[in-house]
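Below, chain A partners chain B and then partners chain C, in two separate complexes.
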Partner chain A sequence: MILDLLQKKNIAVNVEAADWKEVVAETGKLLLEAGQIEKRYIEAMKQSIIDNGPYVVIGKGIALLHARPEDGVKENCLSLITLAEPVEFGNKNNDPVKIAFAFGTVDNEKHVKTISELSVVLMEESAVDNIAEMGSAGEILSYIEDILAQQ
Partner chain B sequence: MTVEKNVEITNETGLHARPASKFVQKVGTFKSDVTIIYGEKEVNAKSIMGVLSLGVSQGNEIIIKCKGEDAETALEELVNFLHEQMAEE
Partner chain C sequence: MRVLAVCGMGLGSSLVLKMNIEKIMEQEGIEGSVEVKDLSSIMGEQADYIFASEEIGEKIEHPAEVISVKNMTDKKEIKEKVLAAYKKL
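After this line comes the complex of A and B, so read on.
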């Protein structure tokens, strides 16, 4: 299911970002350029972190960025960036962030299943470090595909 | 001591990132080992990704299991906490 959403156009590797706001902007930009969200969704994702704290850093080195369906999501979507340099989000357990996903959903039921599948992939031994070091979107997609095939 | 209790997930968005992360933080305040069981899967409740990987949505029922010296207090407080979280969503 994540492979239906996460396409090459939704992935960028070795992205430069100076702080967490730039990480949100860069990850969101991939969805914006694909026509999957409105620009205000990116601001909403930032605001969610300001309001709720860095809970989006859900595991060591991973940020899962999102806002609400009514914040400007056009269709279910998922993007991924790997960072050239790790970035601090202020989450003492899981900083620094090496890879960041942004997702938008128009459908709560499907979103739970997508995030479930994504979590299964990321709980694989060394998955985050492996993805962080990959040089291309194609490489990342086949890696995720392999993990899912083993489930 | 091991105790467990069933909880129905009632909020529209299920056990997603924000409530899951708050729940995981709360779990960390107890000495007991806490696990969440959903269907055939059982995960450590101290891992947000573990909790998210269950894919629990509205109307699903989970089992919270606590094992340790403060198991009874932990179970009672965690179940209450989940109910409060869901009421706020």
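After this line comes the complex of A and C, so read on.
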């Protein structure tokens, strides 16, 4: 479940990032500091964008960052940053990015429920803009909780 | 209607896309299945349609029609594209 994984330690608001690589580094840092990934996972997330293009910007203003289980995931995890200033990823439809999620999964199945709930939240009208404006992790978590409770 | 949702690794964006396509199919009473795949494993898979982001869609070579989605969290865009695809079947 998303709220079991996304805890206050995994959220940072109003983060400064100069470019997309810093967005990946900052989002990944929250997982690294929590001991949930190895450092190489952050590089793998960057490499995946270099290899596959900026389609990680899945919707307006939102990046969903990840690499593969074998790239150094210690446990299933999810982090979120909101950006002080929006950042261009080079995605022609959905730039600039205002919020970024990073996740790690130990296999190809265990994250399915989490991503399913996350997509419910992100499909909600103006969810990305609302989250981007929020001033604290606590506020974001109760907002997500409210959306999921309505389902 | 059998759909493949495809992205580079078959873990992230394709999964979001699958969830959102399934939701629309359920709401509209369209029967079928949506399966997540990564780019390297779609060859030989049977499908009516392949849904993917524009960047990934351009790289796909498959007999099924490829439908590009600009914004995977936009209910309206996905609904229009799912319904149009269903009508063409």
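The definition used in the following text is that the second predicted complex is superposed on the first by the 151 of 151 C-alpha atoms of A that agree within 3 Å, B and C clash if a C-alpha of one lies under 4 Å from a C-alpha of the other, contacts with A are read in each partner's own complex, and residues count from 1 in each chain.
Everything that follows uses one rule, which is that contacts are C-beta pairs under 8 Å (C-beta built on N, C-alpha and C of every residue); 3 or more make two chains touch, one makes a residue touch a chain.
Everything numeric in this text was worked out from a predicted model, so none of it was measured.
In the superposition on chain A, contact is made by A:109 with chain B only, not with chain C.
In the superposed model, A:126 makes contact with neither chain B nor chain C.
After superposition on the shared chain, chain A has more residues touched by C, the comparison being chain B against chain C. When the two complexes are overlaid on their common chain A, residue A:56 makes contact with chain B and with chain C alike.
By the touch criterion defined above, A:66 reaches both chain B and chain C. Overlaid on A, the two complexes show chain B and chain C touching the same residues of chain A, namely 52, 55-56, 58-59, 62, 64, 66, 108, 111-112, 115-116, 118-120, 122-123. Residues 12-18, 21-22, 47-50, 52-58 of chain B touch chain A in their complex. Partner chain A is touched in their complex by these residues of chain C: 7-13, 15-16, 19-20, 23, 53-56, 70-75.
Against chain C, in their complex, chain A makes its touches with residues 48, 51-56, 58-60, 62, 64-68, 91-94, 103, 105, 108, 111-112, 115-116, 118-120, 122-123, 128. Contacts from chain A toward chain B in the complex involve residues 52, 55-56, 58-59, 62, 64, 66, 108-109, 111-113, 115-120, 122-123.
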